[in-house]
Each structure stands twice: as structure tokens, then as C-alpha cells.
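Below: one structure, written as C-alpha cells.
As written, the chain order gives the labels A, B, C, D and E, with residue 1 at the start of each chain.
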Amino acid sequence: MKNDKSLLLNILAIAFLAVLAYFIYSVATSNDIGIKVTDNNVVENRVAYRYLNKNVLDENSKYEWGGKAEDSAANVVTSIVADYRLFDTSLEVIVLFITVMGFGLVIPKENIKIKESTELLYHWTPLLMTYMLLVGGYMFINGHISPGGGFPAGAIMSTAILVGVLAGKQTVSHTTLKKIEAIAGTLIFSIATLGFFLKGSFFINFLEGGNVGDLFSAGLIPILYTLVAFKVAAELSGIYFEFYEGGEEHDNV
Amino acid sequence: MTMSNIFLISSTSLIFIGLFGVLTRKNIVKILLSLNIIETGINLLLVAFGYKEGGKVPILTSSDSINHLGNMVDPVPQALVLTSIVIGLGTTAFALGLTIRYYKTHGTLNIEANDEEEVTAHE
Amino acid sequence: MNSVLFLIVIPLLGAFLALFGKKANRIVAILITAFTEIFSIMIYLSDKLPVSVAIGGWQAPYGINFVLTPLSVGFIVLINLAAIISLFIIRGEKEYQFYSTYLVLLAAANGIVLTGDIFNFYIFSELTTFAITALIAYPRNRRSTGAAIKYLILASTASSFLLIGIGVVYKTLGTLNIADIASKIDLLNPLTLELIIVLILTGIFVELELFPFNMWVPKAYFAGTASVNVMLHGMLGTAGAYIIARILLTMFAVNGSGMLVNANIANAIIVIAMLTIFVSEIAAFNEKKLKKVLAFSSMGQMGLIIFGFMIGNEQALTGAFYMVVANFLAKIILFVLTGEFIAMTGSDNWEDMKGIGRKHPVAGVSFVIGSLSLMGVPFFAGFWGKLAVIQGAMSGNSFMITGIVIILITAVVEGVYFLKISHTFFLKKEDEKEFNAKARIHSIVIAAALAVIVLAIGVHPGLIENNVNRATNEILNSTSNYVDVVFPGRY
Amino acid sequence: MVVINIILYSLFAILVGLIFMGIGRKVSARMHLRYGPPFYQSILDIFKLMSRKSFTHNFVMDLGMVMALAGLLGTMLYVPIAGHSAFISNSNIIVIMYLMAIGSLGMAMAVTASGNPNATIGISRALTMMLGYEIPFFIIVLGLIISNNSSSISVIAASQAGSIWNWNIWHMPLGYIAMEITLQAMMGEKPFDAMIAPAEVASGPMVELSGKYLGLGLLTHAVSIFVETGLMVNFFFGGGSNPIDFVIKQLGIYLIAVIFDNIFPRYKIEQAVKFLWIFPTGIAVVQLLLLAF
Amino acid sequence: MNIMLMLLVVPLITAFLTMAILKHQKTVWTIFLAVSGYLSYALFTMYGKWDLSWSIELGFKMFGKNVVLSLINSPLGWFFAFFASLTTLLIAMFSIAYNDEKHDSKTAPIWLLLIFSNIGIFFAKDWLMFFIMWEAMSTTAYFIIAHGKEISAKAAKFYLSISLIGTSTLLLGIILVSRLSQTFDIGVSIDSLVKLFSTNYSAALLYIGLFITTFLIKSAIFPFYMWPSKAYAESPDDFTPFLSTVMSKYGVYGLILFILPILAKSDLPMFGKISQPAYMLAVLGAITSVLATILAIFQTDMKKLFAYSSVANVGYIVMGLATMSVVGIQGALFHSVNHMIFKTAIFLSLAAVIYRTGERDMHKLGGLVYKMPLTFLVYLLAIISAAGIPPLSGFTSKWLIVQALMAQKMLFVVVAMIFASTGAFMYLLRCLASVFLGQLPDKYKDIKEAPLLMAIPMTILMLLTLAIGVIPGIITKPIDAVLTGMGYNVEPSSWTTVHTALAKSDLNLTYLFYVFMVACVISLIMYLISGKQEKIDQIDNYTAGENPLEWDTTPDRFNFAYGFYQPFKQMFNPMLDLISFERWMSSFGRIVERASSALSLLYTRSEGAILMLYIGIAILIIGGMM
């Protein structure tokens, strides 16, 4: 590591970063006319303002707390993630799907035996798991009114399964996880397609939304979040199984 | 110095540290670590872009908050960051998987000057 | 036109279903690809273009939209064609991951071209990165693992720049819609604009195989199987050409005129394109691994195409589009045949491929036709593109003239190595041994059919004239042809 | 009529050439302090050789020797003798230069057909020598052509008519000197006789010739002497007012060549070519430049 | 159907047809013969019909107009096309016999494509057609030269690289010139270049320089004079004559078509009687002939020898063209045809030798006149013609060129011409002496004369060269049409006499033939009236009558061709080292290969991938800030 080449690389890296820093500095201090990156742009000039006002469809519409709106999720971030830009979110699911599948593809399959867990862990696991699953469930159900959502919920749920795995409990099998994953994924896109057949547009929030602030509001968002949560949970849990569930190894090495 | 500038400077520093690491480190795990630092930096940067002095969380809690929508920070960067986090997670997971495979096939984690091409055609 | 989303949704549904399909995966994949191909052709031929499709019912710039123009749908047709060919030439049984990944790649490649939202574009490009990495890594040997991880690290580093760029765009312009950005680009401070352009270009140049962003390319092509090569070239490469047309020449164009808004950066890109042409053709000259030769040549052609795009007059743009089509067809021929040849001889080295042309004259001749087209020899599709690009570059500054000289010099180098290789196939085989495997008839038929198309376009360039003119016109008047489509009545 | 003319001119040239050869032998002998054969000895030689039995290897030898003599005779017919010619022609110099080559070609063909190494070496030297002397020769000729704006020998000769002071030897003395040296090489006289060098390659081309082949070879040589000296006369000595005058001038030129032949040693072939390309060529170029500008 | 189109379509279609039935070699070559026969006939009927034309509009826009490809029957194009197809016809006949099981090169379909582009080049009316056909010609020729042999492929690579440089400069030139005139039409572009010469001399010089480079490369004029020695030598033996005679004329054709009219019409600085660019061209031609002659003298491979000889001959033609006078151009055109005829005869007779013996090195042959007398005769007459010896055809054209050069006072050029043509004796005789004359090696004791099908075309060529030599009107009459078509005022030429610009220097060739015949008769009579000859074996003579067999030894067979001109070569050795363009080329090739390996290594190791990425970003940043 401490050879000359490494030194050269360090110098080059610093040189490059110096160029970059100088560039950013000159951008920040530029006196030319036009919008600068350092300008404090008001939110009113951005698309976000319409999201906040929930008047994307009709510019003049107003909404009230507890009333109807074009998107009745109280969490504006959620309304963006799971409604206005739902398509992005669906693709995120695919990103996770493909990376986890790629992980499963490339990881060398070796039969690793998991150590016997301690008595304490073994016995407390069901409780722990239940608690975790509950927290996860709460998060995806309430994703549209409070911070949270499908992704963190799925991650929390997958930790529950990890705990189960570590404790040596027979929770779910790898195949079941695959099935959950596939079914959840299929459902997400089926719902998206259903929108096309019902309302003529894909990824449309076709359910009649409730009132802003209600639990049963925001139309499809809770349903989609549920599916996302299950799918993420299944995918992330799959990673643990990939490690030790040896399979048929057909390497070409 | 405003909060916003602190965010910007710290996030830029994180990105620079990551860029430095990606170039100078030879160990794949360290490179991935650097990549993650870059990602963190970017996420912070994106959020900082949407930051507003004294802004509130963009979650509606009452009719009062509806009347002061201008006080909220920009929700869009936060939505982008959510996506970005997931992508970062995916990258890291996949890359680590490949790293394990790399260690098996190459016997090292060094990315330096290795020649993969001695294997004959496989098609 | 909302049904265009089927181009994305159906492959993705197929990707999930592939987890359960055992042997039927290949058939399913072929059926899905055939569907997307036919569907895209139907859209292309329908008279509803151009149209903007709002996804989820949210109008642009608030929701994500797909923009269907003759240009984008034309590229979709090409991408799906490459996809279906790549499926046909798969050799041997593949696991479900392959098909699943492939279907994601198909959806992502379609999405990259169709999307009208820059962040959506980012996600799609990340998806292609992961899919390509998985496909390269698929053989899971030393070669492919090394190639895959290097590609992944490089692409991730580059895409973080893209993400920063998108962040800056949002921070300054407050929008993520390409058409919206294009119409507001004049409001930006010049240096901020340069920052944005540099950040976004860094992200996309890695996928575009441009020197010095392209260290991954030869390794990736070399590690991938023939079908993966076709995907890399035909899907990713073609989408890359579209990205240039859309991001550089529409989003960052001066008043929708097809000229990059910052002339200095345009010059820098031309330098990069020239470097790419020069470096890749020289590097290919002495290369013995056939796939690497083709990879280098792919890079060179990409440089040529971008050179054509950056010149910024109608003639050069026409040439660049001709070149896209010609390069697309010709290189697929070569990759398909290379796969067959490598399987037959069991060697990557073209010097070991003697006698193949004698055994399979049709394959040999098709290879020759493909390489002649890439060289830009008359009677083959590549000629018209090259002619028009050079002709277009003549009207440019001394910079462009240098580019012309480089193109002509490298054309010599390219000609020498391509014909040298082509001729090797017609040499007498030294030993009397049989080939390791038999060539598959359908691969040769595909190659021959594409060769006939290359020849037809070469003899009568008017065959695709209308399509190319539509595309050129769209780039040159992107305000009326793109921004107006998304925001009717804004201008 | 023309045919008879041609035959008569040919016989005349052969006769003159043979007598010149005889005189040359006589002069050489006198310079060697010998008595020497009579001046008509060459004619006797011809009759002797022609009447004897001879050996051949294949038809190429026959063809080649006949071709050689025919080529030289053809050349001779284009050289105007004191304004007289066997038939009406412009006696183009270039034609003469190329026609002379038939002789060389025929000879070369005949002797290489014999398969004798000495003959082959001789021919290789002869052709090399030819390349050596053609250059200065042509440069001199070029000077003449440029100054007369015609490539006709008749015109060149006619332009010198009248007084002796009209002769080109006075107008272009450098050209004459160069031509004199070149002529030595053209006639194969010392110091440029590497191709026949009897001591090295046993008379080179002639080694395998016997009887009538040698006879034909001698005839060819005789005609070539006539042609070469005739050219010289036409170029530099006014061409002669009548045939006698012409032949006397020829004899003078030939004797100069013979005298040089007797007083010089022999160059090696590459030395000869180098010499020819440096001295006569240089002189001729100077002459040409003087004429052209 | 339009006859111009037929000329293109027939070879094209038959090319694909023969590709399908490539296994039946005899049929394929017979079809090839039929096509060449048809082309010759069709071209023959086209003489005088100078209004024939054909054009097609392509759906491809340049300069705001749809591109048009067009052909026209011009006297100049016809002249070259007709004699080229005549040559092809004769070669085709030869090829039927030549391509048997052992010598099969399987090149007939590609050759047909070459003929297709050949027609296109000679009849092109616009630059695009010209370029398309030109490039098609270059690439197809590569495949014929390489013809599936490894060693040939190496030589062909050499041809290919230099030829591709030529097409690149041509493309650049065409685009520059047609931008100038806003159309691809050749005639218009001549006018616009003439205009450019009066306004911007150096730019115009650059423009025509690009074209001239291409033409010089294709005709192998200095400094590109060395590729033929490689390409000709390794190409199929029956293709070499085509390569040498027809394909070396493309450059000549280009010069006459495009460069000469420009130089003639423009107002250029003069050097003596002619313009400076023309003089430069003449000097290049002169250097070519001299160098090629010297190099030819030293070859041991007979095909290489005649490759250099071809180069030298094209040098003469260029010299003739560069005189810019009627006589010079007449001579150049005449010599083009002559070169086609005698060089085809030479290469065909050599091909017959190779067909029988399988040997290309001259010093391994010898004495073949005993076994192949007809081939010998053909070769003999062909080299007499090539050496420019009257009364055969080669003389007339050389004579015309020399006369034109002298009339234009191009003194040193004409000296070079004479040097080259005298040097020609040396190499021509070397091949004659060592292949046909001398001693027959024992292993060739049983070879036969060339087969009938080979003998017929060779004999026809032999008679042709004689006929043209005696009656030059056969060629000068069509040349009149060509010169008239180029805008020169020419008197109708006579059947027997050739005229020149110098005073009183006309030459009646028929008369010359008669005189030579009478001289022959005289010397024949002398030969016949003298004593009888006896035919003895060669060995008997120089073994002094001893029979080596009695001494239990076999007589050695000698061949003296190896190092035939050794002393002469020693003189030139220092110069040969200096002018070895081949060495420059190969060292350039090595540089490219090294650069290629280095770059390839960069990509193979790829540890600097991120570094290169950063460098790329830095290029963008710095480029943008500049």
C-alpha cells in the first residue's frame, strides 16, 4: 500500500478534488445573472408547492383538514412517494428485487452451519419477533399519516425474520419468501395495471380516498405500502437465507 | 453561518472523502465503504437542497399546518432521498455479494492489476 | 396512449413470474419480447405520435410522464429488436435469474427511452446498471466476476454524480421534468448550468462507452456471452445514443435548436468523442480476442455517433442517426456470429477461427458485410452515415476538421483489422479436426437476414429516410416537437 | 526499288564495317609494333566462318543471331548517309536508339540460350554497360534535338551544311567530348569492354558461338560500327556532302576509338558505369544546360 | 433496359449467381467468361454513342437535394472500359483452364463484383458514384488478393492499408470539392476548382492534392510505389494480370478525368513550358519509373519483378499525361492500352509457367523454352513490346511520350524516361534468360506446353501487340475521340503514321515494319546460305566433350539468375537502404501495433478505471471553464 504508486494516486486524487473544489467554489461565487445553485429558491417556485397544496389536478382547488383532497395522505412525503411519483417507487421495488436476486446469483453457495443459539435468545425470540412485526405493521399501515412507510416497515420485519433465523427457529422457508416476494411484486403491478382498465391510466390511485388525516384515507397508498413492506421484508430476509442455505453449486470457475 | 450552509459543506465534504477513497483504496470493501460515504453525502446534500431555515416537517397534523404550508421544508428531495437510499442499499448488497464471489475466484480483495482473462472461452 | 406502460409493466410482471417458471422461462421471455416489439411497432406506425402520457393521472411536470415521439418510439423498436435477437441466440439452459434479470433490463431500457422525467431516468439507468452487472456476472467465473464488480463500482460512482446533478437541477429550477427543464434552462446562471451539465454527463458517459469513462467496456463484453453482448450493444448502446439526443440535444439545447447550450462543453465533448474514436480503434488494431475487438469497435462507433450529434447541423444529425441504425444492425450481426464462432472453435482468439467461412459461407459473408458496414464502405448502411457526418462536420470549425482527419485515419486502421479478421475465416483450417460444436442455423439466419437489411439500406438509403428525417427534425425543433408535446400551449 | 535499295545499302554498310574492322586491326597491330593482318582480313574471316560447320543448342540461338543482325541492319537503314537514305524517312533518333536494342536483345537471347555461364555473365555486363552509356548518349542527343527542335537526324545533319564552321563540334564541344567517351562504351572498346573481357569471361557472349553464328555476330558488330560512327558523323561532323566524305569521317572517328582502345586498361563493370554516369554524363548535362538556357 | 444499367447489373447478378454455385468451378469460370464476353460486346456497340446515360435518385439528402447516382458513356471512360473488358475477356479464357483442382482460387464471384465496380468507375458521372465504385473496387480487390491464403493475406494487408488511406483522402477531397460546387457532378466540380485556383491558390492545390494522392496510391506512383511488389506477387496468378493492367489504370483514369482539365484550364505559375503542378506530377512519374526499374532489376521473384515493371510503366504514363500536350496524352492513353496488352501477355505466360512448374523464383527455373516454346514466344514478343522495341506496339506509345516530353523541354524527366526504359532491358532479359533460356532442371523434364485454353488467349495477345505495333491506327482512332471529348482539337490520325509536335519527326510504323522485315530477310538469307549446323546438347559444349555419366557423376544444372546483376546491385545498395519506403511503412505499422498493445493493456488491467473517470470529469470541467 505504501509504495510510490499509491502516493501518486493520492496526489492525483487530491489534484482532482482540488479542481472539483475550485469549480464548485467558482460556481458558488459566480456573479453572472441567472439562477445560481446557492440561491435560496422559495418553495413556491417549485413543483413541491403544488404537492403541498394538493392542487395538481385543479390549480384553484383548496382542501381542509379532515376534508377531501385529490390525495388525502396527511404525510406529504408519502403522498409524493406513493402517489404523485408512485411509478418511481414501484421501480425502487424492482431495484431491490434485482439486486437481491443478483446477490443470490453471485453469492457462493456454501453450507454454513449456524451455531446453536443461546437459551435466552431461543426462548425470547417469539416475543421479540412479534414485537418487531407489530412495529413493522404499524409503520406500513400508518405510512400515509405519519413518518414511515413500506420500505422501513419491510426492513424492520425482515429483522424479525433474521432474529428467527439466528435463533434457529423454523419461521418461514426460503421458497415461501420467494413466493411472497413474487406475489407481492405481481400484485403491485397488477394493481397498477388495474388502474389502466378502471381509470385509463397506469399507477393511478383509483380508490376513493378518505379524508385528510384519517387512517382509512389516501386510497391505495396503505394497500401498496403493505405489499411493498411484504415484498421488501421477503427480499431482505432472502439475503440471510442465501448465506447458509446451500444449494446446487454449479460454478464454472 | 446558517444551518443550510453547514449541511451543504458537510455533505460536500462527505462526498469528497468518498471520492478520494474510491480512487485511492485498493481493497474492494474499502471502495464500497467509500461509495457508501458518497451516498450518505448525497442524501444529506439532497435534503439540504430542500432545507429551509426554521422549516417544519411536511406532514399535515392539523388545519393550522395547512394554512402555513410555506413553512414546511420541501418534501420532494425527501422523497428522492428515500429512493436513493434504497438504490444505495441495493448497490451495496449486490456489490458485497460480488465481492464474496470475487474473493473466491481471485483469492484476494485487492482490485489491483489482476488479469481475469486467462480463462478460456465458455460459450 | 396510456397503454404504452405495458411496455414496462408486462416485462416486469414477467420478471416476477420467471421465479416460478422452470423450463418455460425462455419461451415466456420470447413471447413477452415479441409482444413489446410488436406493440412498439404498432405505436410507431399509429398516427397518434407525438404524445405525452401522464402516469397515474398526474399531469407533467407534477407527475411522471412518458413522451412518445417518433424518435423515442423508433429507438424502442430497435431496442426490442435487439432484445428478441439476444434471446434467440442464448446457448444452453439458463437459470431463472437470467431471464428475470433480462426482463428487468428490457423494461428498464424501454423506460430510459420513454421517460420524460429526469429522476425516473436515473432510476431506470440504475436498473440497467444492476441488470447488466447481473448478466455479466452470470457465468460466475473469474473473468465475469472481475468484470462485473469493476463495472458496478464505476457505474455507481458515476451515477452518484448524476444524482447530485439531478439534485442541483431541482434546487435551482424546482422541477424534474425534462421538457420543463428544457424550457427553463435559459434562466440558469452559466456556471451553475455548467456544473449541472458536467454532473449529468459524467453519469451518462459511463453508459455511453466514451473514453476515458469506458474502462469497463472491453472486460464486460469479453466476460458476457453472445446474447449478453447483443443486449449490451443493442439495448444499452442504442439507448445510450437516444440519451445523447434527448439529454444533451433537447434538455440542454439552445432554444430547442439541437445545439448544446454551452459551446465550451460541446467542444469538450467533441474532444472526448475524438479521443474515443482514436483510442478505441488503435486499441482494437492489435487485439486478438474477437469479442474485445468488437467491444473496442463499439466504443469507436459510439464516439463517431456522438461526434455526429455534437456537430449540430442537420446533415450531421442525419448522418448520426443513419449511423445509429447501421451500427445497431451491423454490430448485432458480428456479435451473433462471434458467439457461434467461439462456440465452434472453443477459442476467443480470432486467429484460431480459420476455416469457418469455408464451412459456413453464409455466416462468413454476413460477417464480412457487417464489418464492411462498420468501416463505412459504400453499398452498406454505414457509408451514408459516415458520409453525412463528415459532410456535416465540414461546415464546422477547425476542431471539426481535426475530427474528420481522425475519423479518416482511424477508418484505415479499422478497415485493416476488420478485413484482416474477416479474411481469417476464409483461410484453410490447419488441422483436420472437426469443430467443437455445430453452428446453429437460426443464428446464421438471423445474421444473414440482418446482413440483407444492411445491404438494402446501403444500396437504397431512402428506405429509412423518412424515419431518420423525422428524428432529425425532432431534435432540430425540439421546442415544438418535444416541449410543446408535454406542455401544449406553453409556447 | 526500295527493296533493292535496302539490300544495296545493307551490303554497303556491312562492307564498310568489315573494312573498318580490318583497318582497326591493322592500326592496333602497328601500335603493338606488330605487322598485322591485311585490311580485308575481316571479309575473309566472314567467308571462312560462314562456310564452316557450326554447333547450335536450340532454335533460340538461330533466332537470336538472325534477329541481332536484322535489328542492326534495320537501324542502319534509318541512318542517313550523307543525306542519302534507302527510303524516304525522317530518320528519327529515338527510333534508331530503340532499333539498336533489337541487336542487343537478339544477341543476348542467343548466347544465354547456350547455357554457358561465361556467356550469361557477359550478357549481364553488356546490359549493365548499356544502361551506363545510354544516359550520357541520350543527354547529348537531347541537346541536339532541343537545339534543332526536331528528332530527325536528317534535320540535324542538314543544319550543319555549308561551311566546316557550321559543324556541331564547334557549337557544342562539350557534347562532342562526352560523345567521344560514350562512343567508346557503345562500341565496347576499352576501357569499357568488361562484357567481352577475354581474360575473365572468355570473350563473354561469344564463348559458345561457332561457325556461322560467330560470323553473324561479326557482321552484327560490323554494322554496329557503321551505325555508331555514322551517328557521330551526322551529329557532329556535318553529315558529309557525299558518301565518300561520310565514310572518311566515319573512319576517322573509328580510328580515334581504336587508338583509345589500345592505350587504356579495362574498367570493372561497376567502375565503368560509375565513370560513365559521372564524367560523360556530367559534361553532357553542362552542355544541355548551356543549350537549353 | 438501359444498356448502361445492363453493364452494371449483369456482372452483379452473375456474381451472386456464381456465389451460389461456387463448387462447380468450371461452370463458374465459364459464366465469368460469358459475362466478360457480353461486356466486351456491349461496350463495342456503345462506341460513338456518347449520349447514353443512366441515373437514379436516392432517398438521401445532401446539399439540400436528393442524391443522384448517374452514369454516362464518355469517350474517355469508354476507352478505358472497353480495353479493360477486352483484357478481362482474354484473362477469363485463361482462367477457365487455370482454375483446376490444384490452383482453384475461388475468386470468380468477387472478381465479377470487381468488374462491376470497374464499369462504374469508368462511366461515373458524379463523384458519389465514382467514390462508391472506387471503394467497392478497393475492398473487393483485397479479398481477391488475399484469396484465402495466409501468406497472401499478409501481402494484401499491406495493399489494404495503403488503399484505405487512398479512399480516405478521396472521400475528403470529394466532400470538399462538392461542398464548393454544391453538387456531386464531376464536370461542375472541375469548373468550380478552376475558379478556386484563381482566388485561393493554396486551398485549390490542397483540394486537388487530395485527389492526386488517391490516384497516385492506386497507380502506385512514388511515394507509394512499393505495394504492388507485395500485392501482385501474392495474388492469384490469373488475377495478377488484371491487377497489374486494369487496376493500375484507375489512377491514370482519375488523373485524366479530373486533374488534367483543371490544370489545363487554370491559370497557374509556370515552370518552363508547363505549369508547376503538372511538372511536379511529371517528376513524380519520373522518380517512380527510375526507382521501380532499379528495384525490378534486383528481384529474384518473377512476379515481383514484373510488379515493379508495371509500376515503372505507369510512371511513363503519368509522365506523358503531365506534358499536358496532345501528343503526351495520346502517348499516355496509347501506353495504357499497350501496357494492358503486353503486361497481360507477360503475366499470363508466367502464370502458365507457374501452372506447370509451381515455382515463382526465377533462379529455380530455366530452359523452359524446350518444353513450352509457345509460351516462350508469347513472352518474347511481349517483352519486346514492353522494352519499347519496334516494330511491336510498346514502341509507339513510348516514342510518343518521349517526343512529347522533348517537345515540352522537360529535359530531366525525359532522361529519367530513357533511363527507365533502358533499364527495362535489364530486368526483362533477366527473366527471359533465367526462366526460359539456360539449362532445364531435371525435375522439369516432363512438363508439357500450356493447355490449349491458355494458349489461345496468349496467342491472341501476341498477335494483338504485333498488329497494334504495325497499324497504330487501331488505337489512335479511338484516342482521337477521347481527345476530342476532352476538348482538344485534333487532326484525325492516320492508320499507319504517328505524329508529334516536333518538326519533321513523324513516324510511319507500317513502313518501319516493312523495313525491319526486309532486314530480317536479308539476315535470314545470310543465315541460310552459310554452312549447316549441328544440334548438340548444352552439356557437351562446356564439359569439353566429356560425358559426366562416364565419371559416375551427373551433370550439374546451372542457373545464373541468382545475383544476375550483382556488381550493379552493389552500386545501388546504399541508395536502396535509403529509399526503402517499405521499411517506413512497416515501422509505422509497428508503432501502431505497440500503441495498440499499450492501450489494450490499459483496458485489461483497468485498475485505473476510477482514475480515468476522474480525468474525464476534469476534461469536462476544464473544457467548460475555458
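The definition used in the following text is that contacts are C-beta pairs under 8 Å (C-beta built on N, C-alpha and C of every residue); 3 or more make two chains touch, one makes a residue touch a chain.
Predicted model only: the values in this text are computed from it and were never measured.
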item	value
Partner chains that chain A and chain D have in common	E
Partner chains shared by chain A and chain E (touch criterion as defined above)	B, C
Between C-E and B-C, the pair with more C-beta contacts	C-E
Centroid distance [mean C-alpha coordinates] between chain E and chain B, Å	68
Distance between the centres, which are taken as Cα means, of chain B and chain A, whole angstrom	14
CA centroid of chain A to CA centroid of chain C, Å	30
Gap in Å, rounded to a whole number, between the CA centres of chain E and chain D	35
Touching two or more other chains - residue numbers and ranges from chain B	19, 22-23, 26, 50, 76, 83, 87, 90-91, 94, 98, 101, 105, 111, 114, 117, 122
Chain C residues counted as touching two or more neighbouring chains	119, 123, 126, 130, 133-134, 137, 139-142, 145, 148, 150, 153, 157, 168, 170-171, 176, 194, 198, 219
Which pairs of chains touch, using the document's own definition	A-B, A-C, A-E, B-C, B-E, C-E, D-E
Chain E residues within the chain C interface of the complex	19, 22, 58-62, 131-133, 135-136, 139, 142-143, 146, 148-150, 153, 156-157, 160-161, 164-165, 168-169, 171-172, 175-176, 179, 592-593, 595-597, 599-600, 602-604, 606, 608-610, 612-613, 615-617, 619-626
List of chain C residues in touch with chain A within their complex	2-3, 5, 9, 12-13, 15-17, 19-20, 54-59, 61-64, 95, 97, 100-101, 104, 107, 111, 119-120, 123-124, 126-127, 130-131, 133-134, 137-142, 145, 148, 168, 170-177, 187-195, 198
Of chain B, residues touching chain C in the complex	15, 19, 22, 28, 31-32, 35, 38-39, 42, 45-46, 49-50, 76-77, 80, 83-84, 87, 90-91, 94-95, 98-99, 101-102, 105-106, 111, 114, 116-123
Residues of chain B defined as touching chain E within the complex	19, 22-23, 26, 111-115, 117
Residue ranges of chain B in contact with chain A within the complex	4, 12, 16, 19-20, 23-24, 26, 50, 52, 57-63, 65-66, 69-70, 72, 74-76, 78-79, 82-83, 85-87, 89-91, 93-94, 96-98, 100-101, 104-105, 122
